[in-house]
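Have a look at this one before I ask anything.
Labels run A, B, C and D following the written order; every chain starts at residue 1.
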Amino acid sequence: MIINVGIIGAGRIGKIHADNLRGIPQLRVKSVSDIEINHLESWAKERQIEVLTTNYYDILNDPEIHAVFICSPTNTHATLIKEAAAAGKHIFCEKPVSFSVEETKEALEVVEKAGVKLQVGFNRRFDPNFRKIQQIVQEGKIGNPHILRVTSRDPEPPNVEYIKSSGGLFMDMTIHDFDMARYILGSEVVEVFAKGAVLVDPAIGEAGDIDTAIITLKFANGALGVIENSRRAAYGYDQRLEIFGDKGAAKADNNRANTVEVSTVEHVSKEKPLYFFLERYTQAYIGEVKEFATAILENQPVVCSGFDGLQAERIAKAARQSLETGVPVKLDQVGQSTAIY
Amino acid sequence: MIINVGIIGAGRIGKIHADNLRGIPQLRVKSVSDIEINHLESWAKERQIEVLTTNYYDILNDPEIHAVFICSPTNTHATLIKEAAAAGKHIFCEKPVSFSVEETKEALEVVEKAGVKLQVGFNRRFDPNFRKIQQIVQEGKIGNPHILRVTSRDPEPPNVEYIKSSGGLFMDMTIHDFDMARYILGSEVVEVFAKGAVLVDPAIGEAGDIDTAIITLKFANGALGVIENSRRAAYGYDQRLEIFGDKGAAKADNNRANTVEVSTVEHVSKEKPLYFFLERYTQAYIGEVKEFATAILENQPVVCSGFDGLQAERIAKAARQSLETGVPVKLDQVGQSTAIY
Amino acid sequence: MIINVGIIGAGRIGKIHADNLRGIPQLRVKSVSDIEINHLESWAKERQIEVLTTNYYDILNDPEIHAVFICSPTNTHATLIKEAAAAGKHIFCEKPVSFSVEETKEALEVVEKAGVKLQVGFNRRFDPNFRKIQQIVQEGKIGNPHILRVTSRDPEPPNVEYIKSSGGLFMDMTIHDFDMARYILGSEVVEVFAKGAVLVDPAIGEAGDIDTAIITLKFANGALGVIENSRRAAYGYDQRLEIFGDKGAAKADNNRANTVEVSTVEHVSKEKPLYFFLERYTQAYIGEVKEFATAILENQPVVCSGFDGLQAERIAKAARQSLETGVPVKLDQVGQSTAIY
Amino acid sequence: MIINVGIIGAGRIGKIHADNLRGIPQLRVKSVSDIEINHLESWAKERQIEVLTTNYYDILNDPEIHAVFICSPTNTHATLIKEAAAAGKHIFCEKPVSFSVEETKEALEVVEKAGVKLQVGFNRRFDPNFRKIQQIVQEGKIGNPHILRVTSRDPEPPNVEYIKSSGGLFMDMTIHDFDMARYILGSEVVEVFAKGAVLVDPAIGEAGDIDTAIITLKFANGALGVIENSRRAAYGYDQRLEIFGDKGAAKADNNRANTVEVSTVEHVSKEKPLYFFLERYTQAYIGEVKEFATAILENQPVVCSGFDGLQAERIAKAARQSLETGVPVKLDQVGQSTAIY
């Protein structure tokens, strides 16, 4: 069986998924839609993409299409999920599902009723380092988890225009770390305290956002967690994680382009971390589409569900509320998840 | 000139200082006092200690004594500092100065008036790793500091009896980390939020204390900080620190007994961190008495003053208050430091 | 322009090249030949390979084919190179070119006359670690090279039947290290001393070969080198290199599947090196076909020429001679390279 | 019991031993002799050294002296050993015992007859890294040893005058590595092949010596070994070792002044190795005198005997002979050890 895929939104991430899908024999990118397609023609031709359209209904209404990748702006996600689910397509949707917990919940209800699969693009769950940590925790090698630490720093901030529509640091950037925290610990966050600062660029503050944050988490299983964020690390993308439990600890370090160490009269040096998410998470991007394909082909649960998307959004909301009020916020005060999840 | 030293309290730490003082040609341990001295006789003889007494006034009243080391229980520190200062002795006092900010302030005022030197035993300031980090920050190599992280985990908790009289995790253990935070950043803490848990041993909770904590700090210079504590790390004493700024980051890793790496069919392994503070901070203990001696001999400021002791206590108090109230606490709400400091 | 490729020999390495060639838009694997093709039919179909044949002349005589990959047994390489060159095809040939220096030289002469490109499959030149080292040396960062060290240990020996026809350790395994030595230093080997032992498996000794070796090299530029080989490292494929010069040193460590470090009461451990060449040199295999394609498309020299193949074989011959005689052997005593190279 | 020690020769190494001996309660440095003592008076006084003399017989004839440290130039060692042994003193002698295998053997015979202890100053046997490796090998953790590698590079060459009287690279510098090889493997060297070069300083070559070397060893147990030497590593003292066996491998890395790692826009860097032997082997120098004291006090064998000194010298001789003849040299061709050892 060949799974035909349609991609809605052919920006940077849509194109990456298209190329990664080519590496999987049982999948075929049949159709791509975008609001502007002239510049995509040669790109699509080289990849033998059959349909290139400005009308995404050409994808949703195509009975040959089994699955859609939603790679359009966040404010379109919830609507597209509902329409795609109604059309009976399996769905891969970039994070976040929406900026509104209610909207996300509505979309998930439609998916639930339609019985299609929905995978949210928390690509880091497919990174070999973090996955290894998750396995170590699952296998009990570090015992009961006590403290989780996530260090997550971007090499440079997005432009201020983007920041204004991004939903803010917690919804745009930390949301990955919130998901990672739940993934590693296998327990829900019950309380959030967020401390933020504008230390990288005053323009970010003027846009109503922060660029530096420390977020403390309390989990249902009693563990504590802390996430450190910065929008700009001079030395590159800093993506580390450490889990500490009663039998030991496990930590994941950054990846580098090579293992070379140079010793001179000045110092002993090695490569900086890989520059940004495209370099660092190359394998993770490949992994998430492979496992999405497997979930469809073998009718298995997805690694990263709509509920996971919802929970990460609720934590982001709580963090924002904590930042604004200056006090910790309990998760159950933020858009309760309903019975079906 | 030979500096004659008297040691008040010959428990474990008093004995360590005695041995380290022997390695400094210009210092001589002349006298030692303790409440019980029979078991100390051969120890003192081997070290050519002239006076062994149960009466510490034999030290304070000895005109040949230039400096005293206060190594008795914490609840005696403030009184001893005042008496020693009044007697014109330079003072090395173990941390914390007292459990009461007011008491500490009183003691510091007496020291101030007497014009003697007072060094507080925050030994970690003399650890080669942390000192190097401090230099890197001072030299501007990482630019303006944005985020400080201190990981500080003991290999095993003290017994519950000790915990009851310890002043609690923040005053007994984290106080070193609070001092380290101020030392590295060169800026005062202005707000503290503490989250704690009892995950290591329920008996610690029953004694009214916690054994696991994450503390978020805000500094006067705008930087944020986070301290992670546990009373028990299965793999040994975990003492790491990372400072992140706009030009880069610096981090100190644990020390190990050797550099050997073994590769087998199972894995690649290296030594665990050195077991506990005596092993890890051997050099730091030597360094702090050497620099105390230098401060006296060359009439220079001490690296770690009474004011440093006071500030660490105030942060510990704020952390406790935050833990109890569940909200952040501003430092200026905790035992204000007075004009002279 | 699309380059059509034919692959002669579809064993493990031929199939790897086929898959890696698919990732390059401007190349197309049109034809594959092997002595037995029944088991290859579905494999070829999935990859849209047009021609599957037992007669490699179907490739050499096809005017649409621009380049051939010679992935058949070593004893066929020289003949195939000559025939492919005569047919005007560019050639990628697995190492070694042949077991005979004279045969190799004959083949290179035909290539030279035909004016086609010949790249020898010393894939390690395309490994990111070793390439970085080579750049560092070229840029003069370690100054004049004094000592080169190559550590090269396989995770397990091939079966004894293979060993009998392999040309021996130096021709089969160390030949990669000999090429690496020349690549890193950019200078020719002038003298070889080889010390060998049978420590892994007596059956290897009975087959007339060794399984453990230390080879000392002297280079034309005065530098010294040493290669350490073992046919079996319990912990996996050990592929390291260090170059030491008058301004410093650079070394490449092994690659691991992830960066995770686990600390427990027993030890601190990390992953073993990647298991064997397929895992370790994944990127190198991709790189060598990409750069071969670029050499053809842009008419540039190949990174790894027939002459490089010849020189590595001559060093392997010298090493064997040294092992047998017990004394150092000068390279100019081994199948002199002729004027044209 | 207090062991009284006399030190013959108060140059750099004699003074280091004097200070390290002070740290051992049961030892006392009573006497020091040197050919010139005026400059030593305050030094000796500060250390409460009772006798300071230009006549070393004042030490050998003093019945209170139990042990002597021979720290004078190498050409006096053999004579002093014989005289000290005849006087019934235990002996710690710096390496090498002599430049002549025959002379060394004569000295060892006198020691044997006198029944005194003789420890040779191969301090590296007491280094925590190398000792750990030795234990790992002894415990069988890496199985049967196959390949030993010693990397040993000084940060700078001695002056040419010293080199002329040093006995050459192998006798002066590599002799430590030869001893280390025997120590780690617990097996005798049976064959040596040495390749040398003058790459650091032509003046060293003009003085008849080399400054760069690769030495291949074959051991009685079948293992192979390689030692890499350079007289000048730009980045400091490079002292590493790796042992590879059928169950795995163990390696010791360099020591650094701290564990700090700095990440900037340029690179990730850490400290260089400790500068030279005084910094690197601080603990080893302390260890060797402590264990010498224990050997005397508890009448146990020394860790590093006269025979060990003799064997290292014989390997150094063989290496020199190999360098000069260009071919491997068998150890049994070099000053045979006699029956008593």
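Here is the rule we use: a contact is a pair of C-beta atoms (placed from the backbone, for glycine too) under 8 Å apart; a residue touches a chain by one contact, two chains touch by 3 or more.
Bear in mind that the values here come from a model prediction, so they are computed numbers and not experimental data.
Centroid distances from subunit A, each centroid being the mean of CA atoms, peak for D.
Taking A-B and A-D together, the pair of chains sharing more C-beta contacts is A-B. Computed from the mean C-alpha positions, the centre of subunit A lies at a distance of 58 Å from the centre of subunit D. In terms of their C-alpha centroids, the spacing between subunit B and subunit D amounts to 40 Å. Rounded to whole angstrom, the centroid-to-centroid distance between subunit A and subunit B, based on C-alpha atoms, equals 42 Å.
Within subunit D, residues 233-235, 247-249, 263-265, 271 each touch two or more of the remaining chains.
Residues 233-235, 263-273 of subunit A touch subunit D in their complex.
Across the complex, subunit B is touched by residues 23, 25, 46, 128-129, 131-133, 136, 141-142, 247-255, 257-265, 271 of subunit D. Across the complex, subunit A meets subunit B through its residues 143-144, 146-147, 149, 151, 153, 193, 195, 197, 199-200, 212-214, 216, 218, 222-226, 228, 230, 232-235, 238, 244, 246-249, 326-328.
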